[in-house]
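Heads up, there are several structures right after this.
Shared between the two complexes below is subunit A, which pairs with subunit B and subunit C, respectively.
== the complex of A and B ==
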């Protein structure tokens, strides 16, 4: 804790306020001002220039009846579910690494995990875009090579999906029905280095004697996970769960890069953030974009509130 | 030590090799994009289609064909060798080519398209330079300000410090999602559109909250005696930061710096709306531009991606320990 300070001494130390002033100035101008401006402008018909017209709640009532916005919230809910599933491999990976006996091997795997981070995130996205390419793409090649494509075609005929055909390459990013599956598949095997390292740090606090006691009691590997390991990383899991949900709600870079600013064919990859971006910078409807931002903001704020109230993260 | 102990207490039944097997398999898939980037970056489209999976063997095949019109000289065609040709020699094709006179395999390092890399440097080099400038300046300024700010909060409980702290922490709860539209018009009004300073300034503002939060906790945990001793010696607050905070907080500052640098390196949403001139493009915008513009010469594109990764590779090589430990330690602290 910071030392308490008498009023007299604080007066003598007034120069200390200059230490915080720059930071304060920066967040005031570039964080608080835009936030206030967004609230203010969500009540205006505004093209981004000097002309604006107060229209009250019209932007919001328009948003209420905007089918694109509502379907985009549907899409982002699906993506959140996807991302929750994608958390599992990182947890399992961390547990596997932790259970190795040799410390050297553990460190080696940690380093290997970090290696993919040398590729900038955007480049990874573009490499995946290349994987999804229908003709030269790696994914279609792998499916052809392993014969999985025939399986997919048979399944397609059986269920009547109408997306996989024996004589045509699979258009992962060009067929509306395949947009969501592609957004799921992206990043396979879904091991985020940061996540694994965070879980590993949590697992590190398990003493060796706990394992020894468990083994003496004849506890199997699965039970060990359920009763020893999972409870200890639950804090980290919950924390990354919350961050993940909020992150997925507001992120739209992935969709912008893979599918373009209209959310791909049929707008199937449209998410609220991307719709806000689209309205502001493609259609020039800045006022409406601010209103979409506010709606999204309320959603996220609600989640943050629920999180602080019900998901206690013990420090 | 602990490994030996563990072994003696009945885990002899559990061998490690199945775990290694699973881990290695997963890591192979995880590293696959990296592998593809590296090996495709040395190929041209023809050899990529001929051999998409494996690196190019260092052999070329010279094929001599009789000319389609009699009386003209033979057509000499150079192509890259496939792995089967390298391992088993050139076998006649299933459908023999009647015009083929001879085909000869020879060692040739020229199959590696180093030109791709040169081209990549030409295309991406300026973007990388811009990004390095933005990320380095931004990280440096952002962390300097954050150190001062954290020192303010950590050293004494000054009047109004609670309110100010609240102002920072509120931003941690508020998502910056609605900001980007007004931020754009703000930058326009300040005349900062289409400048690199805009990216640096917004980056500084964005980094304050998290960095001050982490650094405050760290500085508060430092022994108070150190500050008091320095004060006895007549050290001003600036000197205390220099002699006490900086040396002791170096590891955490390093970790924060790497995280900030990575964040700025990967950012493309802000540059995309701020930058217009091609000379000012940072990596993010540049790559999106490249993706839209080029006829897909995968080799050239992949080598451009490779060039884009080099600065991070350098950082990784020098700071790997800091990186791995820092991420783990930072995670424990919260």
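== the complex of A and C ==
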């Protein structure tokens, strides 16, 4: 923790504070001004032009009774659960890399993980869209080739899902019931490079003596993971968790690219961010979209607070 | 002191060199733009389709030959980001002198674009020596620029742009595949023949093991297809029930009629339209609604589909990239003799209304508006229009310009009956009703589609959605009425009064008020 300094000392070289002014200016213009503008406009009936009418809390009261908005929060909650599950492969991958004996091999795997990060996110999304293509996509071809589609059709007939048909390709993004499973499948095998690198950094800070002591006690590989590695990277897991919740709540690029601005058939893929986008750029209700943004902000703030308060890491 | 090894200096050296090169590059561009004696014009547009950029380049080269003191730069911007690009450029006052008008309403057009009405009544000097010599510029366009006026200045009646082209929707077909399936490359002419072709393709697939799809399609293009088919079922309704007796039913008219209980989706004509949609879906690839335009185009060019229903703007890429001959025909619609759908049909539909494409306007921030106007006239003269038509394989909006030599079928069909209307509320303000329609469409069109299920689901939320959309429409009208107040005041007090301006604006405002009042009184008292 930084030591407190006296006022005299802090102001002795006051000219140096001017060096941070450009950064403050940019942060103000590009981060705080848009946010402030959104707060301001959320109290207006505003369609993006010059004209706007002050309507007080009307946008917020409308949002409270907006069934699409609240069902989109339901969808995003499911996606958060999906993403929690998707954290596991990244943790396992980090542990596996960490346990490699050869530094060279560790370095090689780290590079292999980082290289795909060069591909722009949008390109990855388009690749996944093609992956789900019912007629040419990889997924349906793999299911056809391996015969798994027949299994799915039999399961469908048994459970009465009405989504897998023997004589038609699977419409992963055109059947409402398959949209959430598709969003779950997205990113398979769910080894996010950033997550792995964060966990790896945590793992590498574990002292060698801890492992040596564990080996003397005859601890096996799984117990090592459970009692040493996992508890000692919980700080990183918590950081990941915060980023994941914030990211999932505010993100809508995936849904927009895969499903369009209406959230796909049945609106099953609608998330709050996408609804905000839809209201702003499709319906032209910019004031209402700002109000949705504010509600989203409150949710993110609340969840982050709860996470920081209750997800504790005891070392 | 120990000297740093040479290798540690290399990154700094590279960084310095790159920075120096960037500075030089920026400075050299500035020098061309600023130091030259030439007038520099910029033209920004979204038309990246095959042949369009090349056509603009040819026109620019020809114009620069005529005017050596003018330099023109073309700025093509992908359509996905065009609306955002244009909006930020306009607001930031850095928009090119001429820009394409896309996703621009009257408020934006009026604020950022120069009105062209005064020039539209003067002849286009570049038409000298052609049959259009001496003809007012406005009348050199097939529709007298009415569609652009209605699109960009419906309230004020101002003209903020000119459209170089007209769009039509056409059924393209792969001649080779069609011949392989049917033994002839003649396309289907009637809806019954289109249905039969679907069966023939299925039989061909069973015989040869291929997986040909009759019509390549995708989410957005399926809506074009539905909105061409369904109006055949609402033709009679449009004529008999037009509230303004102008043979058309606007989405707002439809909404108010629904709320008054005058129709539902179970009304025979509307239900028939939905059935037609469902029937034609069987000709499209499964899961079409999740596909995009590029997917459908790819499927057609890869010869996985026999036909492709798309816009005239796509023909250029089909002839450029397709390794097979492509034919063009109109989509066969049910005729009056059709046993299932004929009872609602008046007859073949006229495309005279057309839809304007390549609308260009002059921004108010242009430093050389007179040169921009001159170039706009040049772009819309007969000879340049002919070049555009030939190079881009599109339909020109200039009177007498021949259609692309290889695709006369792209030209609009001018004879026929009045068109009906779509039933999905695409153009109703707010978009809530359209979203509910699109979100429930899978109930009607899916593998186990059920029209009753669709109707029940859509209509359960329709009154609420329609009221919300109508409220949005009424609010928009109120804004337009208010905006006209300031224009009226300006027209009264300006030092150089324009003849008829005040009365035109007052009339527009009065019409808007007459449209709005009954809506507000009935639904939002």
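Everything below uses one rule, namely that the second predicted complex is superposed on the first by the 288 of 315 C-alpha atoms of A that agree within 3 Å, B and C clash if a C-alpha of one lies under 4 Å from a C-alpha of the other, contacts with A are read in each partner's own complex, and residues count from 1 in each chain.
Methods note: a residue touches a chain if its C-beta (ideal position, glycine included) is under 8 Å from a C-beta of that chain, and two chains touch if they have at least 3 such contacts.
Here the structure is a predicted model, which means the values were calculated and not measured.
Participant: Do subunit B and subunit C fit side by side on subunit A in the superposed arrangement, or is it a clash?
Facilitator: Aligned on subunit A, subunit B and subunit C clash with each other.
Participant: When the two structures are overlaid on chain A, which partner does A:10 contact: first (subunit B), second (subunit C), both, or neither?
Facilitator: The first partner, subunit B, only.
Participant: For A:24 in the superposed arrangement: first (subunit B), second (subunit C), both or neither?
Facilitator: Once the two structures are laid over each other on A, A:24 reaches subunit B alone.
Participant: By the touch definition at the top of the document, which applies to A:175: first (subunit B), second (subunit C), both, or neither?
Facilitator: A:175: touches subunit C, not subunit B.
Participant: So, does A:226 touch the first partner subunit B, the second partner subunit C, both, or neither?
Facilitator: neither
Participant: Applying the document's definition of touch, where does A:266 land relative to subunit B and subunit C: first, second, both, or neither?
Facilitator: second
Participant: Which partner does A:155 contact after superposing on A: first (subunit B), second (subunit C), both, neither?
Facilitator: Neither partner.
Participant: Between subunit B (first) and subunit C (second), which, if any, makes contact with A:216: first, second, both or neither?
Facilitator: first
Participant: Considering only touches as defined above, state whether A:109 meets subunit B (first), subunit C (second), both or neither.
Facilitator: The first partner, subunit B, only.
Participant: Which touches a greater number of subunit A residues, subunit B or subunit C?
Facilitator: Of subunit B and subunit C, B contacts more residues of subunit A.
Participant: Pick out the shared contact residues on subunit A: the ones touching subunit B in one complex and subunit C in the other.
Facilitator: 129-130, 133, 136
Participant: Can you tell me which positions in subunit A touch subunit B when the two form their complex?
Facilitator: That would be residues 1-5, 7, 9-10, 13, 15-17, 19-20, 22-24, 26-27, 29-35, 37-38, 41, 48, 89, 93, 96-97, 99-103, 105, 107, 109-124, 126-131, 133, 136, 138, 141, 188-189, 191, 193-194, 197-198, 200-202, 204, 208, 211-212, 215-216, 221, 236, 246, 249-250, 252-253, 256-257, 273, 276-277, 280-281, 286, 289-290, 293-294, 296-297, 300-301, 304, 308, 313, 315 of subunit A.
Participant: For the complex, which residues does subunit A have touching subunit C?
Facilitator: 45, 47, 49-51, 129-130, 132-136, 162, 165, 168-176, 258-260, 262-267, 278, 282-285
Participant: Within their complex, state which residues of subunit B touch subunit A.
Facilitator: 2-3, 5-7, 9-11, 14, 16, 19-20, 22-23, 26-27, 29-31, 33-34, 36-37, 48-49, 52-53, 145-146, 148-149, 151-159, 161, 164, 167-168, 171, 173-186, 188, 201-202, 204-206, 208-209, 212, 220, 224, 237, 262, 265-266, 268-269, 272-273, 283-284, 287-288, 291, 296, 298, 301-302, 305, 308-309, 312-313, 316, 320, 323-324, 327-329, 331-332, 334
Participant: Tell me, which parts of subunit C touch subunit A in their complex?
Facilitator: Touching subunit A from subunit C are residues 107-108, 111, 211, 213, 219, 285-292, 295, 299, 304, 429-432, 435, 438-442, 446-448, 472, 475-476, 479, 482-483.
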